[in-house]
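Here is the structure we will look at, set down as structure tokens.
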Amino acid sequence: MAQYITKRVVMAIVTIFIILLMLFIMLRFMPGSPFNDEKLNDTQIEQLNEKYGLNKPIQVQFFNYVINVMKGDFGVSYSISKDSDISVMLNTRVKVSFRIGGQAVLLGAIIGLLLGIAAALNHNTFADTLCTVISVLGVSLPSYVFGLALAYFVGFKAGWLPLLYDEKQTFLSSVMPTIALCMFTVATVARFTRSEMLEVLGSEYMLLAESKGIYGPKLIYRHALRNALIPILTVLAPLVVDLMIGSLVIEKIFAIPGIGSLMVTAIQSNDYNVTIAIAFIYSAMYIFLMLIVDILYGIIDPRIRLSNKE
Amino acid sequence: MQDNYILRIKDLSIDFQTTAGIVHAIRGVDIDLERGETMAIVGESGSGKSVTAKAIMGILSNNATVRSGVVEFHMDNETSETVVDLLKMDKKEIRQNINGKQIAMVFQDPMTSLNPLMTIGKQIMEGVLWHYDYTKEAAYNRALELLELVGITDAKKRMKSYPHQLSGGMRQRVVIAIALACNPNLLICDEPTTALDVTIQAKILELIKDIQEKTGISVIYITHDLGVVAKVADKVNVMYAGKIVEKGNIDEIFYEPKHPYTWALLSAMPDLNTNDERLYALPGTPPNLLQEIKGDAFAPRNEYALKIDKRLEPPMFKVSDTHFAATWLLHPKAPKIAMPEALQNKIQRMREGA
Amino acid sequence: MNKAVTLGGEIASTRKLSVEEYLDSITFEEDDFEFDNSEFISRIDADYISRSHWKDALIRFKKNKGAVFSVICILVIILFAVFGPMMSGYTYDQQDINNQNMAPRIPVIENTGFFDGSEKMLSSTGTKLVNKYTKDKIDIFYWFGSDSLGRDIWTRTWIGTRISLFIALIAVFIDMVLGLSYGLISGYFGGRVDMVMQRIVEVVNSIPTLVVVTLLMIILQPGLSSIILSLIITGWIGMSRIARAEMLKLKEEEFVLASRTLGAKSFRIIFKEIFPNIFGQLITQTMFSIPHAIFTEAFLAFIGLGVPQPMASLGSMISDGYKNFTTHPYMIISPLIVMALLMLCFTMFADGLRDALDPKMKEG
């Protein structure tokens, strides 16, 4: 187990490192220098280079860059809000994004699980068909279809919920984006839960448990659900990534002041530093989640926990 | 006690609803099992033997419907004895009163029949804790006792093991321990040794025999392996295409088989002492049970088929008080034919060997 | 527990005919007890002749209504993508400043009151029905309306569909060429080769697609070629995993060993022996990657990295139309519906394929 966790952690660190290297190289080769002001003369540029350490050997620069990122210092914005510190810009936005994203993951996972379980337990009945329909729709329609539909019918036509994000009604205005975002999660989790549950329900150990005389919720929980949940855990991390992609669009549609909409703005206004900072945050979060899932997997599944080799 | 039967199945028919249509998996099965007896149900895969077992356990899948029949079970409580029809009981009643406590089952593949996420100990204790008001400690001791009974050494340590840490043979012992946990009166073993190494097969069979002697439990073996049958059974039911085609005592089936299908099965049994250059293989495949079968289901694969086989189903002709076979060859008007010579020689050798 | 319960009620008395009664009830025919194994050999042969796997799959597929509908729907969309742009008489980049924001108007159907070119406009006095065609006395038809630059949405939608379908084709190509060979090679050679190749997959896979794509777009100019490049970089992983898993499973099979013992070369074994056996799975996976690729394009367009104007793609039209979708919803509806249909149909088609090729998965 210790070996298993160590291996995962090392893998995660290596990946982060590779990403940092990529980002660093990109920054170096980006068209235009950080201070491409024509009024600057050579000595001034040299001073600036001195100030930002740009005259040091490249490996030292990379080392400094890594240190800075670790401290949460991503440099300054070039065009969105000139020369302001990116970490300050991100501070409040990260919270908004994570809150809505978190709500969507949680809601999506719970509804998806329930739907999938209900479908599997009532295989080939109405509940099953409903689950299939919802999951096909959710998997195949991009989140902004739901976002736009909700915005148009609920927000605009009916006016029940704020059409655009409102700082004063943070919860109410997060309802529609959360629903739009979670559809994909609901669908994927439901689809996966259903097939996993069906497989487990048809397994011999379920028959053995039944032939012991176990029935009802205890049978489902103790023998079916626990076994079905392990593989479901593995789809959750990739799902968070899909959610991030969705959040870029959804945040733009509902004008949510989060990092997703900031990233869209940054891309459109060529603000490399901001784009790269957010890209790094997304990657780091993803890798961290994958690590957590892997470790959880190891803890829950005795086949991994108790094995010495992989 | 009016008679000594523990289980009587009468005219059991079961259909399965599949996407391809309705499969008539069981077509009128009669089985009688006496107390303390060991019975084997033999047949090719798809002949309906496992379905019969599952019907007794009340663990048929949802797409199964019982078309007709009765499964009479003589239920022994401490104070009373009642006869119940297992097919009339709902799931909950069966789980509460029958499964584990009265009838238990050992499954084919010990690799897949244990819950991978639960320790061995918990899985054995589960049944006892569920059915009776055992304290945790009492259940623990019971589980230890059972593990020792099924011949697992170092039982205390094994209680904490997970299935993946045990070998196949050990797991099957655990499955047997689980089955025995609540002192059932009937044990159904569905291909208990098929998935195991040959060396371990014999040990498991001996273990079950041993337990049977100790506890007086009745056992039904479901197998396609006549070798297993020879080792353990008192009575044999040969099943083909959802029907019992021949039943009798072990000696009757092995030494005086009457049904061509039984002949074929016996001929196909590998035999070390034979000089024959080739092993007999039963031609063809079992019939498609999606279609209604007219006449004798075995006729198309039967070298000795009669014209009537295509038209009418043969009844269970009586050979002796204990021996019955469903083949028109037993009709007085049928031509007298003897079993194939190779088989006669084989049986001769078996007799000598026995 | 010691209560004497009667469970399940009465025991039904079943009475079957006894052997004697049964024999009495039937009339025997003259030749009943003659041997008849005439069918013996032929029936056995008949038993072995079974329907081929593909024929079987086709029958199962046809039973799946959703999947059949999807195929038809995809074909219809392809048809429109090919011929649609020629039907309206407009080109996708033809602008007409006088005819901006025209609501959909279709000949004949306009008489029913639908698609007659009128739309509800929000004004200070409330909503009112406006028909720009009659107001400005323009006697032309924009079947799906015109956009804010006066371009015909019908033409642009089908031009955009072409792009989406082209991207779907690219996705298939990536899956089949890159993912497949990577997975097959990794699985076939195993050992050290597999180790290295799988570590690479792990690293690539742990970088979110979003990040790779956006970074790529920053370096390259937005456009179709950059979209394709980003699909190439991220799209092969899923397929490579499946191909590898199947390869690992199959290469131990007897028929592969037999072929190897006969001296077949690796290349031959991979493509002649193994490939046909995993073809079904590959097709299914490929179909699943199509909606993903279509979505990627739409997503990139939405964040401003789509095909440059005046070229139209479904993604860029949605992204443009969304800016005024509360006032002129028709601008976004047609590209949105076509894209949604495409993705939905490809998913259902893939689902149907999977169920048809591997019935076990569905029966569960």
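First chain written, first letter: the chains are A, B and C, and each begins at residue 1.
Keep in mind that, in the parts below, a residue touches a chain if its C-beta (ideal position, glycine included) is under 8 Å from a C-beta of that chain, and two chains touch if they have at least 3 such contacts.
Since the structure is predicted, the reported quantities are computational estimates derived from the model, not experimental observations.
Asks: Report which of A-C and A-B is connected by more C-beta pairs in contact.
Replies: Looking at A-C and A-B side by side, A-C shows more C-beta contacts.
Asks: Would you mind checking which chain's mean C-alpha position lies nearest the centre of all protein C-alpha atoms?
Replies: C
Asks: If we define chain centres by averaging CA atoms, which chain lands farthest from chain A? Would you check?
Replies: So the farthest one, by centre of C-alpha atoms, is B.
Asks: On a C-alpha centroid basis, what's the spacing between chain B and chain C, in Å?
Replies: 46
Asks: Round to the nearest whole Å and give the separation of the Cα centres of chain A and chain C.
Replies: Inter-chain centre distance comes to 25 Å.
Asks: Where the centres are mean C-alpha positions, what is the separation of chain A from chain B, in Å?
Replies: Centre-to-centre distance between chain A and chain B: 53 Å.
Asks: Would you mind listing the residues of chain A that make contact with two or more other chains?
Replies: 123, 202
Asks: Applying the document's contact rule, which stretches of chain C touch chain A when the two form their complex?
Replies: Residues in contact with chain A: 66, 202-203, 206-211, 214-215, 217-219, 291, 295, 298-299, 302-305, 318, 322, 325-326, 329, 332, 336, 339-340, 343-344, 346-348, 351, 361, 364.
Asks: For chain B, which residues are in contact with chain A within the complex?
Replies: By the definition above, chain B touches chain A via 54, 57, 59, 61-63, 91-92, 95-96, 98-101, 103-105, 107-109, 112-118, 126-127, 130-131, 162, 164-165, 175, 178-179, 181-182.
Asks: Within the complex, which stretch of chain A touches chain B?
Replies: Chain A residues touching chain B: 123-124, 202-205, 207-216, 218, 222-223, 226-227, 230, 300-303, 306.
Asks: Can you tell me which positions in chain B touch chain C when the two form their complex?
Replies: The touching residues are 10-11, 18-19, 28, 30, 68-70, 72, 75, 77-80, 82-89, 93, 97, 132, 283-285, 300-312, 315-318, 328, 331, 333-335.
Asks: Looking at the complex, which residues from chain A come into contact with chain C?
Replies: 11-12, 14-15, 18-19, 22-23, 26, 29-30, 120, 123, 136-137, 139-142, 144-145, 148, 152, 156, 163, 195, 198-199, 201-202, 241, 244-245, 248-249, 252-253, 263-264, 267-268, 270, 272, 275-276, 279-280, 282-283, 286-287, 290
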